[in-house]
């Protein structure tokens, strides 16, 4: 096949066309098509779609700030509230702005143990985020592999896995967590296990659902036709295309996990009291709400709220952006 | 046509069976009458495709064209019958390992209908085209994969400058070219084109059809060209296979078929294809619609809609019989005539 | 027919969609008219603005789109300024519309009779019984056997062809004077398409309903339409009687389009093809939108051409039309 | 007039002998009286028994009050008492029965309807105290028509035992108390109405409703919102606010409950101490150091908001057998010195076990102690769990140091000493809760003596000595005595009780 | 239908048995109930006696066997704490929780669906954004915290509504309900609101997503092209379609509402099974915990079944025999 006979068909290619009077138009068209079809990578297209909602961008910025606070808590925080050497019970229950001889000013007050609330919130955030994100990541990994396996191999494996998922999902998360934690006992690791146990099934089901759809897509058939190894088809073709709904679920689940952890801590079966998460800080301060020592519960409550709301805002926009059915 | 066919289908069937599950079996014990749902998507089909030939496969929606195409391309195994490629039973070859199996697997490639669904949206064009050659080590020593991909892209009329782009950054026609490039990259001999131009606009469709013809000329490719658009098939193919509800009803060289269709279904089909030169035509439709493949009519599948149906058609499945040079037709009328 | 008002006259219709990059005109100065009993084929490739034109006429352009200019004269009355309530009263009664995908046009969770009766009752006060009788009638007319039973069925119990017939029956219920059919047979099999075409033809002949048949398939309108309007990039580039347009296309685009259809060419030969691809309305070339793909384009084409009626009843929007006398060349 | 009480916990059943549990016992007091009563400081006073006296070391005589009738009008006699003692070991499914308080009774006779002779195996001075812990039910109501006779191994004259359910639905709720049973809806309310024919002073309230509101916050809110008239155990944090509120009043009183730290002194292996070989807690200097490291005043002031009293022994001053002893002073320097002296200048790591939902601010106190231990060089963590898990683990000796509380049910020093400090000797019922396994024959001998001295004054002196000895040995570290608050609307008063019971009999209109 | 029933039944039996085993063994692995139940002054002998009385001295598998045997006869054991049948204990309290859950669900539906539809119809307008903002907030607020705030505001500061408890009840067909009396209703309001908040947000989202998706469908455009009023299009065509996901999800959520009542009941001292569960876990009242969970399993099976039936009524495309799982 010679280039010249086919020249009109590949007018897209400037190389194939002489720069005569038409060349300008061709270039114009080139740019035109570039503008419409975009020179964007999926990531950039995604980012620009995401940025459409100022609320979501705001949520994201807030979340990043919150996450930074959490990650660098040990650097920024004026006190390490988990280090008992630094606490003084004599500074217990001080109101916000109270000065102290051996510490400085407690900007957000202290709790009964004399913990600086500001530091406690930062470390609490860290704990909450770590538990929320950690459990989500682990659950995601488990759910992803299990769901993919069920979808790709089908048959009895699918049946068994999905039955387990069904049973698990038909039980409310809080019940499972409650029972599990009362069996396992306390501890960050236990909470993590409980949250993973609660969440993995969501991912498994989501992944399986999408994978079943994606599996029937022609690009998978094409990959099979090209005799690509199964592992490659699953991980390079199937898996990345199952991710978008999963990301949405995951974002929302991080928020859920944080809230659930807070609730469990409130019910007294969450993380240990010596390393309080936001939920536990709230629960601790809960008793002080009516007595006017609002700061112990109020500020962690605000922090929790801001965190969850910002994550949910991001998740919401992600859902809209990644939902193929809403984009034409 | 060359003597030894490149591909030969012998009595190939493909059934999709929805087996009874545990509960349904119990229900049957209790007196319910739940049957397994069986779709004869492809029902005892035999024909062959010669080296370098273009065979058109025509039929209405759901008649099993794609399924047959997939069987040929090796995506689905057939339930019955044999597929011979270069006179070797494909099932046996595929069961084995190594070069031979790979050669068959790569030798037959498929071009898909939907230019959107058939490309992995998360891969760049370079990877879509280059992945299989790399995995299978098809690229010659010395020349780099990039050059190879550039080559293939140029061949299908795509500017290699675009190879770092993602599929969504291309128009439908360009995407279809990417799909073709992906297939060509593994140096196939046989292309199964499943409605490869159906989703394209007329002007783009013409471009792609031209590309197919050029490739055939340049690379000595053989095509099984699946389409429901008779004019496209007429334009492109040497021979045409007409399917109805999983069965082949007629096979004939293209000019003969369009000049004098034998099977009543073919006749009706040709009659009803709108043509640009058929002005203010009074449409005279055949009655009825295509029956469900789950529950096809007995005998000749076409008899409920056939204007010439006889009693015999209602009970006996007509066999494919020669009705002229290189022509086969499955209709009882040919016996009586 | 000088003193005669056509059933529908569209004048300089302009419909825009708001986008990040500003307003984009999907329909840009479209004009055509349809008479009583006439079938107009509106032809064009994907994205040329056919559907948007249809929706603009019936007033169903959804945000971010809006009709930004021009007039839609239905029996001489401009619909563009009508209130939503008046427009609603018109829709389905005077002007009906049928859509492309029969699988999607009927609400899957409502029974057929619900969906038919509500179409009657939206416009007239009639008893349920009378309405039902009319529905049965309409179903019978589009060739649905045993309409009584069918009325109580749900859409998913029907095949695609049947569903499209139901949709047509619904469009016919109030005996409208104009039907806009947006590619109603594209999704159907040839044999079923033939049946539908047959019925539509008969109905228009009998009732005198004007019909706008939107399609991308020249072959379909060839057999059906009295007149054809060819659209390209939001504009009508050529109108004329079916024979004029198909046998003596003036506009190079129409010309190329006809050349692209396989059956028109000799078997096994290369098709004549229009190079390039349909431009996006976001980035149309200046002047004639077709010039970047046009073999006849020159510097003049950088100015927008006007619609010029060079043969009575046959107009094209081109500086360099193929005029009668020039043979329809089939590029090799 | 009616009164509604917001209760922190709900009785598990109406059956007075089903479950030896505070809420059950508190309710029981309204309906089923016992022979001997315990007043607010748990001193004994005559109730259904007008008087009692030891006839010799092993024989007690009780004179029963005459003219007392049950709610159904039948007279109260010695037979009802014998029946009750017979029934106590025979409550089906009882998770915690009252047999601990009846097993000392070797024999029982009723020479007449209003005299009761009780025999014990050895000298047993606690008989009157134990008789104050369970209520008398009516033998007739339980279906006894004929004569019955007491026998330790099975009474005669009784064929079947009543079901707990029949108490809950009211059928068997026939006592002699100042209140009669009206209705019990589990989880929702318990309604009592006054007994107009009560032998003593008739109560001022027509009906008394107990509403369980187990969460502290809502309980306070319910009082503030006027839904209830009186609540028990308002959280200490809320007390200042409640005191300021003109519409409500607060009273508080010292309870019989001490919060203590137990230390594993069993073996050279101990699970909760790391960073050192062996068990440093076996060294009395280390135990003393721990005690001196604790700032009891600060805990009381900061964690308990002043609603507690630092403890120097296991029973509050003023109660039977208390010395009283001064609490160990806070002296971190001395603590460090003692540790160094014992060879632990580098310290070691400690885990403190504690429940987090059992005692007032239990886990918070443990945290504060952890802070204090850490600050004398013993890095300490807190292992706080829900009470059910905590008690199981504690009973499996999983803690080296743990925080718990002890309420002296009998109201005298023998109760904590016997349970917490005496060597675990099951036959004697010693050391039942001594999960630190401190074991000292000297101490055990002192306790033996106290528990076989019938003379009250002599007995109290021995108990005081035993207590002082245990404290010298740092066998156990008392932290503080809980002070129990009650809050109620203006216009009422409540007499605080050491046993922490909320009794309608203690609620009176304010003058 | 028959097939559906058989499938459901076998699945249910397997699920119930598995759950029984898991729940029983799981719950029986926690702590030692005697440690919590028994009065601390009791001595060793008394402990042993109590352990024997409660049957805790038997090996685990034997206890499980006894439990299974009794369960088959409808006896889920006797509460350690209350000494009465665990099932009766739960069933006595169930109406309170059920009433609360239903009230919350009703609130969620009555408020959530209209708001969600509005938000779906006008996703880009201020109303839509405000509703969605509110729903995100409702989604994010932890229930326990909201409960306390509600009490603070409505009961303590404003004094409009009671803070806790259930209020007067009236017997309706032998079941005590509180929504028929004013006092009962006023006690019901806050806890129901608390419980409904999360679900309302969920309903808003479902309804909004459903509306947005349905509004894009051709059949809506076709309905409008028929000349139907907006009211009918939204009220019939959109509504009926979004009811499918809403009802399905809500049906399943009813179960989770009942479970989440644990938190609300704790905060509002609502005498339901959630509080019973928390207390029972705290007291290691194993029979009650097991009975509660078994009952929950049973409830879920029933709810799932009801949802399936409802689903097949709402969506004509679904036949019961097709639904698996």
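Per-chain residue numbering starts at 1, and chain names A, B, C, D and E are given in the order in which the chains are listed.
Throughout what follows, contacts are C-beta pairs under 8 Å (C-beta built on N, C-alpha and C of every residue); 3 or more make two chains touch, one makes a residue touch a chain.
By chain, with names taken from UniProt: A, E = Peptide/nickel transport system permease protein; B, C = Peptide/nickel transport system ATP-binding protein.
Bear in mind the structure is a predicted one, so any value in this text is a computation, not a measurement.
A.B. asks: From subunit B, how many touching-chain steps at minimum until you land on subunit D?
C.D. replies: 2
A.B. asks: Is the number of contacting C-beta pairs greater for A-D or for B-C?
C.D. replies: B-C
A.B. asks: Report the inter-chain centroid distance for subunit A and subunit B in whole angstrom, where each centroid is the mean of the CA atoms.
C.D. replies: A distance of 45 Å separates the two centres.
A.B. asks: Distance-wise, how many Å sit between the C-alpha centres of subunit D and subunit E, to the nearest whole number?
C.D. replies: So the centre of subunit D lies 38 Å away from the centre of subunit E.
A.B. asks: Roughly how far is subunit A from subunit E, centre to centre by C-alpha average, rounded to an integer in Å?
C.D. replies: Roughly 27 Å, centre to centre.
A.B. asks: Just curious, how far off is subunit C from subunit A if you go by their C-alpha centres, in Å?
C.D. replies: 47
A.B. asks: Of all the residues in subunit D, which ones touch at least 2 other chains?
C.D. replies: In subunit D, residues 217, 221, 224, 357, 386, 388-389 touch at least two other chains, as defined above.
A.B. asks: What parts of subunit C, by residue number, touch at least two of the other chains?
C.D. replies: Within subunit C, residues 273, 275, 277 contact more than one other chain.
A.B. asks: Could you list which residues of subunit A touch at least two other chains?
C.D. replies: Those would be 9, 12, 33, 37, 182, 286, 289-290.
A.B. asks: So in the complex, which bits of subunit D are touching subunit A?
C.D. replies: Those residues of subunit D that touch subunit A are 216-217, 220-221, 224, 235, 237-241, 295, 298-299, 302-303, 356-357, 361, 363-364, 367-368, 370-372, 374-375, 379-386, 388-389.
A.B. asks: Looking at the complex, which residues from subunit A come into contact with subunit D?
C.D. replies: 84-85, 87-90, 92-93, 112-114, 182, 185-186, 268-269, 272-274, 284, 286-293
A.B. asks: Quick one: which bits of subunit A touch subunit B in the complex? Just the residue numbers, please.
C.D. replies: 1, 3, 5-6, 9-10, 12-16, 33, 37-42, 45, 217-219, 221-229, 232, 236-237, 240-241
A.B. asks: Okay, in this complex, where on subunit E does subunit D touch?
C.D. replies: 30-47, 49-50, 53-54, 78, 80-84, 89, 92-93, 96, 148, 151-152, 155-156, 159, 162-166, 266-269, 271-272, 275-276, 279, 281-284
A.B. asks: Contact residues on subunit C for subunit E in the complex?
C.D. replies: Residues 55, 58, 60, 63, 88-93, 96-97, 99-101, 104-111, 114-115, 118-119, 122-123, 154, 156, 167, 170.
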